[in-house]
Amino acid sequence: MSDINKVVLAYSGGLDTSVIVRWLQETYSCEVVTFTADIGQGEEVEPARAKAEALGVKEIYIDDLREEFVRDFVYPMMRANALYEGEYRLGTSIARPLIAKRLIEIANETSADAISHGATGKGNDQVRFELGAYALKPGIKVIAPWREWDLNSRESLMAYCEKHNIPVDFSSKKKKSPYSMDANLLHISYEGGVLEDPWMGPEEDMWRWSVSPEAAPDEATFIELEYERGDIVAIDGEKLSPATVLERLNKIGGANGIGRDDLVENRYVGMKSRGCYETPGGTIMLKAHRAMESLTLDREVAHLKDALMPRYAEMIYNGYWWSPERQMLQTAIDESQIHVNGKVRLKLYKGNVIVEGRQSADSLFDESIATFEEDAGAYNQADAEGFIKLNALRMRIAANKGRKLL
Amino acid sequence: MSDINKVVLAYSGGLDTSVIVRWLQETYSCEVVTFTADIGQGEEVEPARAKAEALGVKEIYIDDLREEFVRDFVYPMMRANALYEGEYRLGTSIARPLIAKRLIEIANETSADAISHGATGKGNDQVRFELGAYALKPGIKVIAPWREWDLNSRESLMAYCEKHNIPVDFSSKKKKSPYSMDANLLHISYEGGVLEDPWMGPEEDMWRWSVSPEAAPDEATFIELEYERGDIVAIDGEKLSPATVLERLNKIGGANGIGRDDLVENRYVGMKSRGCYETPGGTIMLKAHRAMESLTLDREVAHLKDALMPRYAEMIYNGYWWSPERQMLQTAIDESQIHVNGKVRLKLYKGNVIVEGRQSADSLFDESIATFEEDAGAYNQADAEGFIKLNALRMRIAANKGRKLL
Amino acid sequence: MSDINKVVLAYSGGLDTSVIVRWLQETYSCEVVTFTADIGQGEEVEPARAKAEALGVKEIYIDDLREEFVRDFVYPMMRANALYEGEYRLGTSIARPLIAKRLIEIANETSADAISHGATGKGNDQVRFELGAYALKPGIKVIAPWREWDLNSRESLMAYCEKHNIPVDFSSKKKKSPYSMDANLLHISYEGGVLEDPWMGPEEDMWRWSVSPEAAPDEATFIELEYERGDIVAIDGEKLSPATVLERLNKIGGANGIGRDDLVENRYVGMKSRGCYETPGGTIMLKAHRAMESLTLDREVAHLKDALMPRYAEMIYNGYWWSPERQMLQTAIDESQIHVNGKVRLKLYKGNVIVEGRQSADSLFDESIATFEEDAGAYNQADAEGFIKLNALRMRIAANKGRKLL
Amino acid sequence: MSDINKVVLAYSGGLDTSVIVRWLQETYSCEVVTFTADIGQGEEVEPARAKAEALGVKEIYIDDLREEFVRDFVYPMMRANALYEGEYRLGTSIARPLIAKRLIEIANETSADAISHGATGKGNDQVRFELGAYALKPGIKVIAPWREWDLNSRESLMAYCEKHNIPVDFSSKKKKSPYSMDANLLHISYEGGVLEDPWMGPEEDMWRWSVSPEAAPDEATFIELEYERGDIVAIDGEKLSPATVLERLNKIGGANGIGRDDLVENRYVGMKSRGCYETPGGTIMLKAHRAMESLTLDREVAHLKDALMPRYAEMIYNGYWWSPERQMLQTAIDESQIHVNGKVRLKLYKGNVIVEGRQSADSLFDESIATFEEDAGAYNQADAEGFIKLNALRMRIAANKGRKLL
């Protein structure tokens, strides 16, 4: 184990990753570089500096990645209307490739030969971190303490802290949520605890970013989103940066009880797991983006996108953001968004996202053709007969030859 | 035009199809057989008999098709989680093949040589009726009056009625909705009128089957659905027939403000159109079915279904229910549902369908493996390393050969 | 019919399109602009000028489109390994969008308000011409004489010629092939005649571009193709333009009995048809391109391409080259070809195209890992256990829960 | 390592698996059950008995699985026209699930707690054996000696033999092919040796089942295959069992130089590898099956099959024969074959498989419609105009709105 000299650790500043710092130092006799990112998880990242210093860390990276996260990861994903298994909004999945990228960049800057993370050996996140890291720097070494050590219970972790003088914040120990959580600007997730029984609903006090529909205001909120090439560029007429867009939508959505999901999903490592998610802004974005596309996308382009979407979402869920196949699909998806410009007006009310209107200079909706009124010859109804006859021809031939459908 | 002797007409009893009866008699000098079906549209069908008789029709068919509709059309479609363009629940589309089938059965029984319907030349329904008819009886003739005649305004229709002594119900004339509507047990749809501007929301009084979320009760409703092979067989422990299931869910859903959709969709004939839909029961069914599947379907089967779904939905939307390709896909979908058994508990509240729990004797959720607690060796975390390493191998080789992802 | 002033006709100089010139002049009292293109069909195009002049045509376009055809149509299609229905090399299909584009360009240049072509009402080509034309110039009028006139037999055509003084080349009349043919630089096709019985093989003297395998040389021919970004840029070390590449491969392939196909295919208009095709160069290109990709494409990119290919081929076959969905897919396909560089060595022998070797500076083949010899740790065989275990996990859980696969 | 009591080994009787017998006995102190199957590899299996006995094996299984192999594995796969990466005929892949199944059946019969095989840690076969085993018996233990031991060179194997008195057949030692080979009734494969350089072609004397096209007869061979529901049931009018069909086609094909493939493929474990394959009968079967389908399958069913095929082939290649997703797809594929009945006449000549004719009582080819002659109204050419116009509508609207395709 002596061939590791320096390892970059994705460091939250919390108890688990603090233990990992010490454990890496002890086990690999190596230097540890910590990397702490603000990706909108809603907690201060600066305190991680003092904690890392206390653990003897000399190279400490603390980055604000919120804009990059939304601009280069959330927005491209939204262009695809990505949903994993029809329902999961990929909130955790989409943040991992950014962390992986920064770990590798820092490894390059600090001449580290390994990276490390605090994800367990049962989950998807280890896969996402490590696939990303290997894809970007194939010779990198990866240390996944949870797969290696024997500190597999809270008790053994506490004992390790005591033995190695790692300060434990006792107040936080007491308030410890029964759920395993992950948060970034797109969502917060909950797993474990009572959720391990899929028949049981979560307790109301689990949710942190949204009020319940019941507790949401009795008056609806109306907003107007403006799109350029598939991306939101303004809310209610105000131009906003990507991260600001998402922050604002999270706040408005959460206040209106929007964005809670409660799912059983299939992990890439082969098991089913139960997760609850709050994705207020993302829920609004998906609904609005579909509405914007409904007006501006060609039918066959839209259908092609729908056919490719499950595969694209699977790539992100499984950790293949940094892969040539995801980039290949992204090229096509981005190409499709050139005309996805315009405005969507939404009504938000007690958990509901209701599209009130959409308009676009690039609209393909042609009132003169779609109308139920007389259309002055814009559309020749007689064409439909030939259209139907030829579309039916293969089935008529088959029936004439004796094939039965009943 | 003299080669038509008898035509079976899909007859609603309303003004338009009453005009068609007379127009067919006049134009083709043929006998008209009327066929009126109760597919849950919520209007009495029996009055159509007297109206048809008054028009001189001798062969009058009035059928209650509600059970067949839900059992043989809605349920199979729900097994596929079918959504057209990600959002449309196919409420109109799925009723058409049943009407087409009955038209052909009646044509066979009455030795008619043609069928007719009241769908316009701009819409999808003409395609669905006619593709179905041709697929089931390739030599059938189809008369689509709206593509042939010149009665293309309300005024000309009225003039025709007056001239041919077709009684017009003046009360209904006054109450005439500004929307073009279609209803069956799965949904009611609205098109036309103010909806022709996609930037305008519908007026609240347009909706007929559901209250608005605002007007829904302040107390949530809880229900429990029981599934066998992907189909709902009981609500709250009470065994119910398919049509009764859907009726009940429509009532509960509508009362809780559930199932309104407002969409711009792409018609098969090539134009975009705006439609509003109320599908209270169907909205509940889709959400619950996905929840039931999330517990009981194998991951790859679920993903395969998701990949096939858009194509399947397109088949139904475009009118290819009666086609060998839909039947081929259905075989696979039905095969996938063998283990989709169990219960889903739902909370319905002001437009929200919230899954509170799912359980199944066929569950593939394995608490002993998914747990965050120690799992006594049910899962070996060390396996993940090899899993990741080999999944990364192709990308590591590529990176080693100099390929760049950034 | 008086609203047509000028029509651009795709004019071959042959009997049928000569009749069309006159018929258009007569029927529409309009001016006819002829457009004759050399797309490598192997016949002189210049003689069409005198024939058109003799028919009173004033605006005559004769273009050599061979390079554009191969560079902008054949090459992009080859990047996708396109085969319709697993076997058809799309030789006719891929030439039509180029003709459509030129027809529209000439219509714009000459201020014509219509285009016309000599394709029948039963085939795919009418669709390809017209979809392309409408997509590029939506207000264009299209005149398809074969769908309008009553000159549906050779006799009536001849009578028309006689009546309108259209000179008929009697020598060609006698030698008239019993097959309907189409040719361009990619292929020559045969339909009709004895081929209308799918149980009968074609007569040997039907084939024009290739010798039979039996008649091919007893000595094999070896060639080396060089690729850049998925396109052939050199043969046997000699840099060649796209059209020259294809001409050369046609010659070499045809001489070695390569490229004959005999198929029953499904037309877009709904019927099955039998066609025989000679695509000597195209057959070589497809085999070689796959070999080049096998060395240089990432696995998942390759599989994604394979999954998209049938849809892409269908687009071309059905006439949707000029569509946003084809362009969207093309973007992804072209993106995938960045690294498809290198050389393929082929052996051509009596109908066989045999890959003898492939090499590339962008090869992803890693001898040190693939070797059966010891690999000095380049690959850790122990990783396979975890890889298999986790891939099996979902199935093991299912089996543990009692699911049966047997 | 003491928890293994009895292990069932896939035993060829060759040197490698003989060493494995002894190594298992030594390493695990367990009883070894050998299982040797005739799947058409072309070698006697009975001699394996004496060799196993000499190694002290008490339970020896020797099975003739040829009919089961072709009937239940090769035939279902052929119905799908399966090709991995467009070219590989899956000859090795399709035999593995049968071996896995028998290993598990024998483990059940003999109360063994483990299985073992001689596949290396770099290849696909380990995955196929083990995924199958785990899927069919989730608690089974798997011992893969090549991933565990240190006998990684021929020298160390020989030393092991000497030390443990395992008789080595010196004649075979001398004749040892430089290639790693695998054979069954569908194919024989070659890897390693000179093939590790993809630029080098194989030596002619590598090939064992086929003559070269050059060495094949100068006279063509003609055969007629009869199909029922997608499967060949007779050759030249003689009813034959599945295995006999394949044996006969191998012989005829090999004699005519048919079925050699030379490929670079992507292994599931992440590397590219070079393989040469002889699949004479399989090559004939694929070509003939496509011809039979071309006459009898509905267009959309055929296209759906083509769209699903790559995924299906991937399942087989990657080892997921025994999976619910493969079974789900198989259901649809088998459903599609109901009408795939009839005859295909083939000409085999120096490496070429040429379809000479196809006929079927279930043919969907309609001569009266497809004909170039007048068709007495079977098809109305005027229908094409409406068909094209409506298919073009969305693109015309887009162009009218200013969208550009050029």
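Letters are used for the chains, namely A, B, C and D, taken in the order the chains are written, and counting of residues starts over at 1 for each.
Rule of thumb we're sticking to: a residue touches a chain if its C-beta (ideal position, glycine included) is under 8 Å from a C-beta of that chain, and two chains touch if they have at least 3 such contacts.
Since we're looking at a predicted model, the values are computed, not measured.
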Do chain A and chain D, two copies of one chain sequence, contact each other through the same residue numbers, with over half in common, or through different ones?
same
Pair exhibiting more inter-chain C-beta contacts, A-B or B-D:
A-B
Since chain C and chain D share one sequence, what rotation angle in degrees maps the C-alpha trace of one onto the other, as a multiple of 5?
180
Whole-Å gap between the CA centroids of chain A and chain B:
32
Between chain A and chain D, centroid-to-centroid distance (C-alpha), Å
40
Could you put a whole-Å number on the gap between the CA centroids of chain B and chain D?
42
Shared-interface residues of chain C (touching two or more other chains) are 266, 269-271, 298-300, 303, 311, 323-324, 327, 363-364, 366, 369, 379, 382-385, 387, 389-395, 397-398, 400, 403
Which residues of chain B touch chain A once you look at their complex with the stated criterion?
81, 85-87, 101, 120-122, 126-127, 130-131, 134-139, 142, 144, 146-147, 152-153, 180, 191-193, 196-201, 213-214, 218, 220, 260, 262-266, 269-274, 290-291, 294-295, 299, 302-303, 306-307, 310-311, 314, 322-324, 327, 345, 347, 349-352, 354-359, 363-367, 369-372, 374, 379, 381-385, 387-389, 391-392, 395-400, 403, 405-406
The answer for chain B against chain C in the complex is residues 298-300, 339, 362-364, 366, 369, 379-380, 382-387, 389-391, 393-395, 397-398, 400-401, 403
For chain C, which residues are in contact with chain A within the complex?
266, 269-271, 298, 300-301, 303-304, 311, 320, 323-325, 327-329, 331-332, 335-336, 390-394, 397
